[in-house]
Every structure is written in structure tokens, then in C-alpha cells.
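Following: one structure in C-alpha cells, then a few remarks.
Chain lettering (A, B, C and D) follows the sequence in which the chains are written, and residue indices restart at 1 in each chain.
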Amino acid sequence: MNYQEILEDIYKSIKPELKRGKVADYIPALARVKKEQFAMSITLLDGTNYSVGDVDKKFSIQSISKVFTFTKALNIYSKELYKRVGVEPSGNPFNSLVQLEYENGIPRNPFINAGALVVTDSLISYYKDEYRALEKILTFVRDISNNSSIDFDEEVAKSELEYGDRNLALAYLMKSFGNFENSVEKSVSTYFKQCAITMSAKELSRAGLYLANGGVDPITKKEFATLSQTKRINAVMLTCGHYDASGEFAYHVGLPAKSGVGGGILAIIPNVMSIAVWAPSLNRYGNSHAGTLALEEFTTKTGLSIF
Amino acid sequence: MNYQEILEDIYKSIKPELKRGKVADYIPALARVKKEQFAMSITLLDGTNYSVGDVDKKFSIQSISKVFTFTKALNIYSKELYKRVGVEPSGNPFNSLVQLEYENGIPRNPFINAGALVVTDSLISYYKDEYRALEKILTFVRDISNNSSIDFDEEVAKSELEYGDRNLALAYLMKSFGNFENSVEKSVSTYFKQCAITMSAKELSRAGLYLANGGVDPITKKEFATLSQTKRINAVMLTCGHYDASGEFAYHVGLPAKSGVGGGILAIIPNVMSIAVWAPSLNRYGNSHAGTLALEEFTTKTGLSIF
Amino acid sequence: MNYQEILEDIYKSIKPELKRGKVADYIPALARVKKEQFAMSITLLDGTNYSVGDVDKKFSIQSISKVFTFTKALNIYSKELYKRVGVEPSGNPFNSLVQLEYENGIPRNPFINAGALVVTDSLISYYKDEYRALEKILTFVRDISNNSSIDFDEEVAKSELEYGDRNLALAYLMKSFGNFENSVEKSVSTYFKQCAITMSAKELSRAGLYLANGGVDPITKKEFATLSQTKRINAVMLTCGHYDASGEFAYHVGLPAKSGVGGGILAIIPNVMSIAVWAPSLNRYGNSHAGTLALEEFTTKTGLSIF
Amino acid sequence: MNYQEILEDIYKSIKPELKRGKVADYIPALARVKKEQFAMSITLLDGTNYSVGDVDKKFSIQSISKVFTFTKALNIYSKELYKRVGVEPSGNPFNSLVQLEYENGIPRNPFINAGALVVTDSLISYYKDEYRALEKILTFVRDISNNSSIDFDEEVAKSELEYGDRNLALAYLMKSFGNFENSVEKSVSTYFKQCAITMSAKELSRAGLYLANGGVDPITKKEFATLSQTKRINAVMLTCGHYDASGEFAYHVGLPAKSGVGGGILAIIPNVMSIAVWAPSLNRYGNSHAGTLALEEFTTKTGLSIF
């Protein structure tokens, strides 16, 4: 069975699952998204793409953007970054303040909200202001996607900010511990714009290609991370990519991957391919319900887990 | 031995303790206060006052103001207030976010910071804007003190706001749970102004008189709380008035009392007197070190604990 | 209205409440107790007793026994006891391990289970073996009751031990921190026997008399605690006597008191009287539902709160 | 550079690190082990072994035994096992009770102590008594090692039990939640015997071979787990194998691995080899200090991480 057939098989078997779970509803802009949509797209190292479903439909990548800002910050700060954020699974929901308080404002990893806020804050510090930082983040995402049209959705970003009290709380708590450098309001607003980037499954699978190829885009030959950084980003995706269900995901799927509440998941098979899946309905951990199942079926069918 | 002699005895025995502990140093305006100062002042129900030490020296009443805003909110909302704040000791430091998160944004009691912020927020809601709310709080404190000159210190309030990130975090966390009604910035700023009210020990002991007399000022005959409300305010002072050392304080002193990081403590002996003590140096729980000892000596010498 | 009339009034108004809540059901021996029973009994300093309801019916005093063992341990160890147990409200359910772990095996107060286990353990250390310790505890309870017939219920004690896994967990956790001196099994078994002491409401109100009279039994003139110790026991009863509803109880009732899951409550009005109330059905905090209401009505009607 | 040269290089560069950290000292039997020892041994799928250092010196495998009992329990119970233990990283120290209490007695994963105790308890239930269960565990370890002489150290097991109060606390807590089936004392004692199994680095690397080959011993052809189970065991080793430093380990080393406080680590490179390393001195997370560094150097030198 070739990849295209496998994807089509998965699409068929996953269809009944699309109505289960529920779409993220904490902001109106996300709550409106129709449940029964699905797309899955893989891009091989030579650029070949196999896709199924609504592969050109744009969705909000949300927390998947954290992988890209983490890459960027790692480029800039290298080991220095770890004074401000760890690489340890949290054992707590994605937006918990408990652990952050016990651990003196140092977030456990760059993929929980507190950690991602610190990463964005560090980029704003480096680029001196939040507009330039956002511009650089967008440029980076366009570069790894080899697609200059990628942008964010103003309405979603605005809507998030309106309901963003908990993220403001996280940032102020870190600030009280001296682990936040810029204006909380400006940084959180930049963070929400980065989360509001929209991509299609096809675009997202293309964007992840550098992570499947040791940091170098195999088509454009641009280097986005060193080999060692790439392995480490993948490791953090595996241990921390699905909030408090990261262990479950590693157990069932066995791939480094990052999910977003928009229903997208980016998964990497090192040296083989980049995979994007999208199905807006979420399980109780905030990860795409059908997307997770589709990836599990994919690794089962292809035997391509990292374990 | 009469009260004056007892106070002078206490002053003498407490003097060596004044240099122990350390002055609140999280804001410059408080850090500058000289350690070796002390004042103790009692006001009996008939208005007689006995005082010792720097009794006319103004200090920042800080959290003691929470007793007054709580009284005010109880007047306005009665039982409805308890939907937004409890009356249970917290078992945690005064500014902890942990419990607040586990308990869905409902602070344990009105004397931890989160609870006091909710109380101030409720007053802003009632008085429609934060300036009017502040005006009403000041008027109330002037009324209970029978002294129209009481005011707050702008510099202290401004300084607090500059270092107020954790309080902003608390307020945003409560807002994310739907337990905060007004602008976080405006409410927190009002809260810091209320905390920056300055009073002398003599003024403070006069201000507490209504709590020693079932809610009615025994001199002016004005009613500031019902008998039942007064008993309950005193009960909350006893169980929650000294943060995570409330049990210790009840154990050693045995009086309803509220401390502030400015080094003041207001203590009530129901039906007998109101006591204010001030010594700026704090113990590790953030309560006046020498002030606590002075009160313990007072109840030991007079046998006037409530137990 | 005299005391007898007040008690009868309370009995009448409390009756409809007797069916609310539910009887402790974690052990068969307690689950069998009939819900709709009630007794209230007050003993004045001169020995006069007023009672209403099933005043001679024996019930399991359970955690109320902790007041008596705490008194005993305080007699023996004085301040040394506080190296092993605090006097601070816990802000957590009565049998929580969380706080105990964070605080290195030192229980917050002698009235949560961990604290009471440490107190019993300290008595076993002092009396060298668990039988002698139990004997001394029983003798003490007989002495304060002026009633040599007081005993414990073997069946209840056995039943508790069978379902006592969490208490064993608490004791082993303290042992792992070096805060438990004797065999865990033996100490926990002694503790359950002490909890299984049965008394009638009339007997219990008589037993508490020393706490209303500065430590000295006003009838037999025996001293069971110093004045200072007595005040402190009362203070701990007020701040910690009703688990994680101690603040609520202080707020509504305003008296030092200790509850047990058998449905009993012992309350003290310093210098006035000792009160016992019994109603087996519990509220969600594990305290007697109707008993709490009865005490609230009593302090409202008599104005006899300590605040 | 061939494997033997790589190992020798590592040995050389790791030597100065052997004196850092400290040997497990909670029991005398482990505290006595000399710090400056080191062994590293790899076994390829065809059975070829490369070793360096004290490769035949036996050490206490301690928590590494949890991998083997987990394999065994997965064989027996399959998915049913997950009703009693999860596969999620804990975000807490290995022996914490906090999370266990919040999560109603269901341990986060089989590699923290609580989870391993439940696994051993499940084996005792299956084999009806603790002697037979221990026998079966030993037989299993002998089978995967292809070495019938493997045994446990009575003295270490006895010593652990003497200082095993916290594990008894964990087991009793789980029992109180209904998640423990056999006598706590007997199960904990069996658990300590399993932890006291001694192996040399060479033996341990041989024992892990089935995990590098999809569950089947490539030499004896015996199947110890299905392919799917094997991938999942490896996934749990990656996400949970190093207590609260699992993320760090994945980040720096990038291999599924399990450490023990005896200083051993078993690491798996799927489809390539099994690695054992031993260096008794531990880092602050309780994992072998030099062992972790040796493995990091190994994956850096060979490029053989899974990411």
C-alpha cells in the first residue's frame, strides 16, 4: 500500500470520529469552526506531497506556532534560553499557575503557555520591539513554508486577547519573579498574533520539513537549526508536545508532534517526512481527537514510529 | 498595675526586639522606614486612650485597610459577598495563586490579597467608578476614626503599583474565572491607594473602636456594622488576620487582629477596647515581630484574651 | 428565656434539619447509626446541667478525643510538642497528605488526623507502650468526666482499623520524615481506640468543663491544664476544630469547638459553660449538620459568642 | 571509529566526572558502594558485545527492574493495566504523594514508585502469592538475560524495607483509594526484592536486547513482548524513565532509557542495540551523573539518537 492509499484508508476509518469531542469554544472565532472537517498531508524529504481531505483549507495553527518561535529563540539564545524556560513535561494542564508558582516563575517547557510567553518575550527583547518581533516570526514561518503568503488572522488574535485573562495572569506572575522583560500587554498581544497564524494542512506539513531533515530545508537548502538543535526540538515535541497527554501520545503514536487547539497537529518522522493533520474537534486534553487517532493509525500501518 | 503602666512595661521589655526581623523591602517607600520605632495605643469604649512610644507617627496601614473595606462591602452586599470570597483560613502565604486556581478563582477569605482585591472590585462595581469608590473608602476610614484628616500616601501607592505584578496576576486569574468585574489595572491601583492610607497608632486604635462595641462607635453613636456583622468580622480577623501565621497568633495572643506589612496591627477585645501597635520590623510571616510580642505580653499581663 | 427553654426551642427548630446530610459511612459500625437523633447538653461552671433530646444515648466521640490527647501531650511535653505538630489551620481536608509532604512530615495542627496521630505517638513514647498509653488516655477522659465508666467500643475500633489505610499512609509518611517514633500499626490501632470512646452528650458536656474554667475542674478542683495551656487549647479549637470549615464555624458560631464524624461537637464558652451537641448526620465538611446549626442558634439567642 | 574505540574514548573523557555527585545513601547497603567505578556495555542485535570499565561487576539494578515487571504485567493484563496506572510523565519527584492524592490513587506511570508498586501488586494477584510472583519475576529476568544465575541481594532488600516507610505510605494511600489488592507489607517487600536484583553492565545490556528488537530476543528467538507492546514500553521509558529529569534526558540523550539509584541506566536504540551504563554517583534528580553524560556523548559521537 502506498502513502496515498494509506491516507485515504485513514480518512475513511476516521470519518465517524469527526463528530466526537468538541471544538475549542473559549473564543467565538474558534467556536464557529465546523466540526466535521479533516485533512492530512505528508511531505517527504524530496518534497513529494500526499494529501487527503480539506488540505487547502486554512486553520488557526495556535500552539503549533510555539515550535517555530522556540526554534527561533534557540537560534538566538542557544543554552542561555534555559535559564528562562525548562524542557521538562509539566504533569499539569497547559495553563496551570500552580507549578509556575512553586518553581519561581520558570516555566517547565516552551510548549505550555507560560513557556511560550517567555519565548515570545525573549524574541521581543532581541528584536527590540513587538512589531519587529512579530514581523520576524512571520518571516520565519514563511521561510520554512517556502510560502510568502502565510499570515495571521487579526480577528482571531483580537478575540483571544479579549478572553486572554489567564495568559495575562501567567505573564504577570512570571514578571513578579523577574522572568518577563517587556510590557505584559504587548507581549501577550504578540503571542496571540503568532497563535493566530493560519495555514492549510499542506502548508503546515511543508513547514515542518526542516525538523525531519536535521534543521536544513531539503528543497531550499536553507538551514533553520543545527542538527543538534533539531534533535532537541523533536525531543521536546515528544515529551511535551501534547500538554498533559504527551505521555499518552508518545505511547500511542510514538512520534515527536505538537498540537494546537485549532485542531491541527504537526508530527515529525526524523529523516523520513513531516506530517500535518487537522480535525477541529478536541479530546478532553485539548488535542485534536480525530487527528490523534489518524496519526496512531498512520504509525501502526507504516510501522514508522521512532520506537 | 494600670493600663499606662502595663504599656510602659511592655515598651521596656520589647525594646531589644525592635532590631530583630526586617522591614518590608519590596518597595522603596517602605524599605526606607527606620527599624527601631514602636508605638502602642489602646482606646477604651468610653474613649479613654493610653499610649506609649511614637504614637503620633504616621505609618502605612497596608493590609489593615482590608478590615475596613470588608466592613464596607459587608454593609452593601451582606451574604451575597460570599459568592465571591470565603471566610476560611488559607493555609498558604498571603499572595499564593495555587489555592486560588484549585478553588476556581474564589479567594479563601477577604484578608489574603486575592480576597481583598475582590472586595475592592465589589466596591468599585457598587460605586460605579474607582475614584468614587476610593473616596467612599476614605470617607469611611475618616468616619470610624472621627478624624477628617486621614489620607493615603501617593508615593507609596505609586511605588506599590510599580512592583505590583503578582497582584495583577491574582486579579487576572480571578478575571479568567469570572470573579472580577472591573478593569484589573484600575482596581489594583485603587487597592494600592487603600493600602497606602497612613495613620498613627493612636488614630488606628480609635478607628477600631466600632469593632469592640458591636459595630457602633461608642462616642459618636454612629453604626458602622450590625452586631452580627461585627462578631463575624472579628471572627475572620481571628482565623485569617495574620496570613499563614493566624493560628500561631490566635494561640499566643488570643485576640481578633489584623496585621499589615507596614508593621501595624489592629487588635480587638470585644466589649473592652481597641488596640493598635506599630513596629516596622517583620517576622518571617510578614507580621510585625515586636508588635506580635507586645500583644502577647499585653494579653498575658491583663488576662484579657477571648479564650 | 432560661437555658432550658432555649434548648427546647432549638430542638424544635432543628428537627426538620435532622434528615439532611448523611451519616459517616466509611465504616459499617458508624453507617448503622440512625439519622434522626439529637441531643444538646450544657454544663455551667457550678455543675448545673440543662439538656434536651437523647442526652443519655452514647455515641462515638471520634475526633473530639483529639482535644483530650492534645491536653495530655501538652501537659507532658509543653513547648517541645511543637517541634512535631503545629497550631496552624490547614486549608485542606482533614486527611490530606499533600500539605504533610510539602511541610516535611510536620502536621499543621493536632486536630487533623496526621497531627492527632503524632500526639498519640508521643503519648505512647512517654508511657513506653501502647496499652499503658491507652489506659492513661482513658483514665484522663474518666477524670475530666468525673465518671469512671467511660470506655471505648471495641467493634468500632476494629472496624476503623480495617478501613484505616489512609491513616496508615499518613503515619508512614511522617515516619519517613522521622516524625513518628513507635510502630505505625500499634500507634494507629491505639488512635482508633481513642476515637472509639463513647460518651453521651451529657457526659461530654461535663468532660469539657475544665476548658471553660481555665484548666481546673470547678467541681472536683482537679487541675487538668494550666490557664495558659487552656487558652491555647481553646484557640486551636477555634482556628482548627472543624477541619476545612473552621473559618465558617468561627464565623457563624463564634466559639472554640471540636467536631467528630460520629456527629458530636464539644463547644466551650470560656468562663461560662461547656456545651455538647450530637446529631449524627454530617455536612459536606464532615461536621454535624444539625449540631452546627444548633450551636449557631444558641449563640445567636444568648449572645454568648466570644467575639 | 568503531564502537570499542568510542566506548574507550567515552571512558577517558568521563573519568573526571566520576567523583562528582553522590552515591545513594538512604540505605547503608547502597551508601557503601565506591564512587569511582564505571562500566559501559553495548550489545548489538546479532549478540556482539562491546564493553569498557568494570563490566562484570554486579550492581543493584533498583528501578531498572520496573521495566521488566512492567513488561510482564503488560503481557498479562494488556490494556486492563491502564485502569490502575497511567503512562504520563509526573512532573514531580519519583516518590511524591501529592499527585497520587489528587489523582485518586492512580499513579501517573509505572516507573515512579507508586506505579511500580501497583505493577508488582498486580503480579502478586495474578500469581496468587508473593513468593510465586517473585519467582516469576526472577525467571523473566533470567530469560531475557539468557543467564540463569541472576539473583537478588537479600541484604539490600532487607535494608530497603527497614527504610521503606515512604513506599509503605504510597501503597497504603493507594489501598485507601481501592488501588491495591494484596497485603501492603508483603507487596512492598516483594518490590524491594525485585529492586535488589544485581546484574553487571554486560548482563544488563544483554537483558535489554528484546526491547531493541521489537520484543523478540534476536539470539534465542523467544518473544517477551509484542512489537506494539515493545514500542510502547520504549515510549514510556523515553517520557518517564528518568523521574523528573525525563525531559532533560530525552533532550540531551534522545533515547528511551531507565535509570536506577544504584547508578545503572539501561538505554535502547530501537533496531540497533541495547546499552547499559553504570556509575554509582547520582545527580540531584537521582540519576547516574556520569552515566547520563556517557550516554549523551555516545549519541553525539554515533548520531544514533531516535530524533
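Methods note: contacts are C-beta pairs under 8 Å (C-beta built on N, C-alpha and C of every residue); 3 or more make two chains touch, one makes a residue touch a chain.
In this text the structure is predicted, and so the values were computed from the model without any measurement.
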Give the fewest steps needed to get from chain A to chain C, where each step moves from one chain to a chain it touches.
2
When you check each chain against chain B and chain C, which touch both of them?
none
Same or different: at the chain A/chain B interface, is the fraction of residue numbers used by both copies above or below half?
same
Repeated interface matching B-C, over half of the contact pairs identical, chosen among C-D, A-B or A-D:
A-D
How far, in degrees, do you have to turn chain A to put its CA atoms on top of chain D, rounded to the nearest 5?
180
Inter-chain centre distance, chain A versus chain D - centres from mean C-alpha coordinates, in Å
32
Cα-centroid distance, chain B relative to chain D, in whole angstrom:
55
Find the geometric centre of each of chain C and chain D from their Cα atoms only, then give the gap between the two centres in Å, rounded to an integer.
47
Hunt down the residues of chain D that sit against at least two other chains at once, touch-wise.
none
Chain pairs in mutual contact under the definition given at the outset
A-B, A-D, B-C, C-D
For a test of understanding, state which residues of chain D touch chain A in their complex under the given definition.
86-92, 99, 108-109, 228, 230-232, 234-236, 238-240, 244-248, 250-252, 254, 256, 270, 300, 305-307
In the complex of these two chains, what residues of chain C are touching chain D?
96-98, 101-102, 165-166, 168-173, 175-176, 180, 184
